[in-house]
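What follows is subunit A paired twice: with subunit B in the first complex and subunit C in the second.
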Partner chain A sequence: MQILIYGTINSISLALFAIGFAMVYGVSRLPNFAHGALYVLSGFITWSFLNAVGMNYLLSIVLSMLATGIIGALIYQFVLIRVRGMEISEIMASYALGLAILEGLRWRGFRGMTYTLPSFIEGSTEIAGVSVDYQRLLVVGIGAAVVALLWLFTHYTRIGLALRGMAQDERAAMMLGIDSDRMAVVAMGFGSMLAALAAVVLLPLGNIVVEAGYNVLILAIAVCIVGGLGSWVGAVLAAFLIGFAQILTVVYLGAHYQMVVALLAIILTLILKPSGLFGQQKELEERV
Partner chain B sequence: MTVSNGQRRKERIDRGIKVRTEGIYALSSLRELSYLSVPRLVLIIGMLSLPFAMPSIYWQRVITITCIYALLALSFDFLAHYVGLVCLGGAFFVGTGGYLAAIANTTFGLPPWVTVPLAAVVGGSLCTLLLMPCLPLRGVYFAIVSLMYPLLLARVIEALDILGGTDGIMGIDSFPNRWVEQYFLIGILLLLTFGVRRLVNTDLGLVLRGVKDNDQAIRASGMSVTFYKSIAVFIAAVIGCLSGAYLVHIYMWSGISQFALDFSILPIAATVIGGGGTLVGPVLGCLLLVPISELLRDFGTLRIVFYALILVAFIIFRSEGLMVYGQRKYHQFERWTEV
Partner chain C sequence: MLEASDLMVFYENMLALNNINIRCAQGQIVGVFGANSAGKSTLMYTLSGIMRDIQKKEQMAGGERITILGDVLYQGENISRLKPSQRARKGIVLCPERRRIFSESSVLENLKIGGYLASPAQARKTLRYVFDIFPALEKLKKRVGGFLSGGEQQMLAIGRAIMAQPKLLLLDEPLMGLSPLMQAMLMRATREIRDRMDISIIVTEQYARPVFPIVDYAFILENGAAVMEGTREELMDNPDVRSAYFGVEESHA
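Showing the complex of A and B:
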């Protein structure tokens, strides 16, 4: 029972990590290696609004999500747009930016145990004999809500439909009058906001540490690759696969193996089926 | 030539001396000979005199570390621009070579003169074997998978608590003295730089470049793409493991930090800055980047921010790199022409 409950929570958090990354890659084929950095950055922005400026918690969350979204859009507009289509330069540039953000935060002195966000609701409850705190329940609720809202957004709004059109066939979308560059900026902005959302929901469970940025990036990549790069449904299903695999290894082998699972999942998926479990990429694009 | 206004563009034309020095006519006069040999001699003599130019033992150590990074950058550049495999896992080679040398030295008591070549060859084969299943992957997929290998190995060593666990392996022999340590490494670096440059112009190099440009053509010619890719990975892995083994003997310690991202990222930054595809450019890039990063050591992690931003600026504004720019100025002259 414990495995079931904590497995679900872990899977939903993984889905939250990954969904922004999957969105940016799905729409503009851009592996955003600054994703983890944006996650940590928004955590620190929220903390600063809350403690240094002294704002209301809800207001600071909304503001930090907006700020992170704008930072993401600016990164795309001024840096990544110039290297679009050159995959390796994209990886290098976004990774270097992420590195600059993370190490810049570390240099400014954001490290140690002192940086925590308060839970939304304190306390805990018991489900089927397992004690779960409200924040973790909230993660499940918000995660499910995000997935549902994203589905509605991409199926029933103009911008959402345009994003989906770009994801399926960029040239056809351009022919229908969709501005590819502007949509990519929008996607990057939304992707960063989703990273920020994941941060404000998940960070109250622990401390804000710079190192989390690297782990979040690896986990997001693992989920997206196992699910198939560019497939959003695949990403959600893969989150459950990896989430439960991680909890099982933690229970039966030990906490050290949690990252080993994610890394092994990446390597094995790429070796055996590079398009992932649910990817729609053509074989020839990725292997000889 | 004066061009008043209107549309104009820059025209680039090869210098006459460049054309003359391409064939046997290079031997025709001293001027032609020196046109060819001066840039190479500047590099060789410059590298050999570096240890003397350094003010302190500390800076001599920096030079050694620079050479280690230069070897890694060389192997990255070879794989990325002559075979088309972008390997973000330089740390994988460093770690494998380092741990092998450490084991050979502490467990079997072999001297550095044996462990370094041994670790290079054995480590190279081991890395090639481990990377073999990923070789059919292309572009971004190979980049991601190679980035994950060193991270995975580090976590496995940590989780299983083997090979000294998080403490690493200590008590490894060092080189007899610092002059031997430096000149041996500088010699290896020069030898490998010119060796790889020679290699890419042989028949094997031609096939490898074919793999990069159009692997289907290679396959259509009846050659196995994966076989040639594994040869190239072996060459790069030997260079990487060699530098890792050398590093271990310099620090007299081998640990998980040899799988750290530094060894993957800094050589790539150096390649981008120095000019990818020139093989000498990455070496020069390291000669710039590593000492700068050492100068900024007082600022803590700000130096990482600094070189990450340099990297971004170079990728965006000067993606050709310094060496390509320099070669162009050396071989060609430019003038404005009306369109």
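Showing the complex of A and C:
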């Protein structure tokens, strides 16, 4: 039972890490290696609004998400757009930006165990004899809501449909009047906001530390590779696969091995089915 | 409506379009015929602005150097520097070669994405019209694009393009690989779209025969150059055109 509950919570956390990364990659084929940095950055922005400026918690969260979204969009508009379509350059440029953000934060003194965000709701409850705190339940609720809202957004709104069109065939989307550069900026903004959302929901469970940026990036990449790059359904499914695998490892092998699971998942996927669970675009293209 | 003058496109030093002048008047269906690699698709890409995007991407990746010369005048305005999305906004919509359906989206979704530029009311109206001329699509509207047959995909591609509210529709090889029955149906539909939506259409094709009945004016491309042009009647009477593009051998009488 414990495995089931904590496995679900862990899986949904992974899905939250990965969904922004998956969205940006899906729409503009950009592997955003600054994703983890944006996650940590938005944690510190929220902390600053809350403690240094003294704002109300909810307002800090909203502002921090907006700020992170804008930062992401600016990064795209001014840096990444120049290396568009060249994967290696995209990876290097975004990773360098991520490093700059993370190490910049460390340099400015954001380190140690002093930075924490308060939980939204204190306390805990018992589900089937397992004690779960409310914040973790909130993670599950918000994670599920994000996945559902994103699905609705991409299936029923004009912008969302345009993003999906672009994800499938950028040039065909252009012919229909969709401005691919602007849509890529929008996608990066949204993706960064999703990283920020993950941060404000998940960071109250621990400290805000710079190192989390690297872990989040690795986990997001692992989830997306296992799920099939560019497939959002695949990403959610892979999050559950890796999420449960991690919890099972913790229970049966020890917490040390938790990070190995994600890396092992990447390696196994690349050996067995390089396109991932749902990365079937190539096969479909060949049909035509 | 549209007037392109002195269009030249080079891929490195290879001449893909050689000094092409082409016109399409309001309400006309103009045919562009030519063999493989005659420059039909390059011409369509140049008119719709996709060539600019290809050029930009190649330049960024350090690939082929593409040079585009000449002017495209559309409703009296020089649009040759505009991006494809800006041209689409002005009403030039390309229905590309090989259809390029969004293969993971359903038929209905493909059409909805096509309606990006349309207002909600326009989109609803055009969607009804698309199902009106292509009833087959309505039955398949939940089907994923990648699992449609060639003919169904072509209907969808045309439907998706007219969802974008074109004033000038560019159809690049819409009949490729389709049965004669399907070809005839698509050409009837094309003419009906022109009449009903009051738009102009430029259509390219390798074989003139199935397209010819609906065109008002036609150009013939060879090796990137327009070697002949004329109204349907003028070209029909030309023996060279007849043998090369209709497969009709002149009798040796």
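Note that the second predicted complex is superposed on the first by the 281 of 288 C-alpha atoms of A that agree within 3 Å, B and C clash if a C-alpha of one lies under 4 Å from a C-alpha of the other, contacts with A are read in each partner's own complex, and residues count from 1 in each chain.
The rule is short, and it goes like this: a residue touches a chain if its C-beta (ideal position, glycine included) is under 8 Å from a C-beta of that chain, and two chains touch if they have at least 3 such contacts.
Everything numeric in this text was worked out from a predicted model, so none of it was measured.
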Clash or fit (per the criteria above) of subunit B with subunit C on subunit A: fit
Which of subunit B and subunit C A:277 touches, first, second, both or neither: neither
Which superposed partner A:175 touches (first subunit B, second subunit C, both, neither): second
Touching partner for A:84 - first (subunit B), second (subunit C), both, neither: second
Dominant contact partner of subunit A by residue count, subunit C or subunit B: B
Contacts of A:155 with subunit B and subunit C, given as first, second, both or neither: second
First (subunit B), second (subunit C), both or neither touched by A:63: neither
Partner chain in contact with A:165 - subunit B first, subunit C second, else both or neither: second
Subunit B versus subunit C - smallest C-alpha distance in the overlay, whole Å: 11
Doubly contacted residues of subunit A, that is, touched by subunit B and again by subunit C: 82-83, 285, 287-288
List of subunit A residues in touch with subunit C within their complex: 82-86, 155, 158, 161-162, 164-165, 168-169, 171-180, 281, 284-285, 287-288
Subunit A residues within the subunit B interface of the complex: 31, 79, 82-83, 87-89, 91-93, 95-97, 99-100, 103-104, 106-107, 218, 221, 225, 254, 256-257, 259-260, 263-264, 266-267, 270-271, 274, 285-288
Residue numbers on subunit C that touch subunit A, as the complex places them: 48-50, 53, 57, 60-61, 83-86, 88-89, 93-96, 98-105, 109, 112-114, 116-117, 146, 153, 160-161, 163-164
Subunit A-facing residues of subunit B, complex: 80, 86, 88, 133-134, 136-141, 143-145, 148-149, 151-152, 155-156, 158-159, 215-216, 219, 225-226, 265, 268-269, 272, 299-302, 304-305, 308-309, 311-312, 315-316, 319
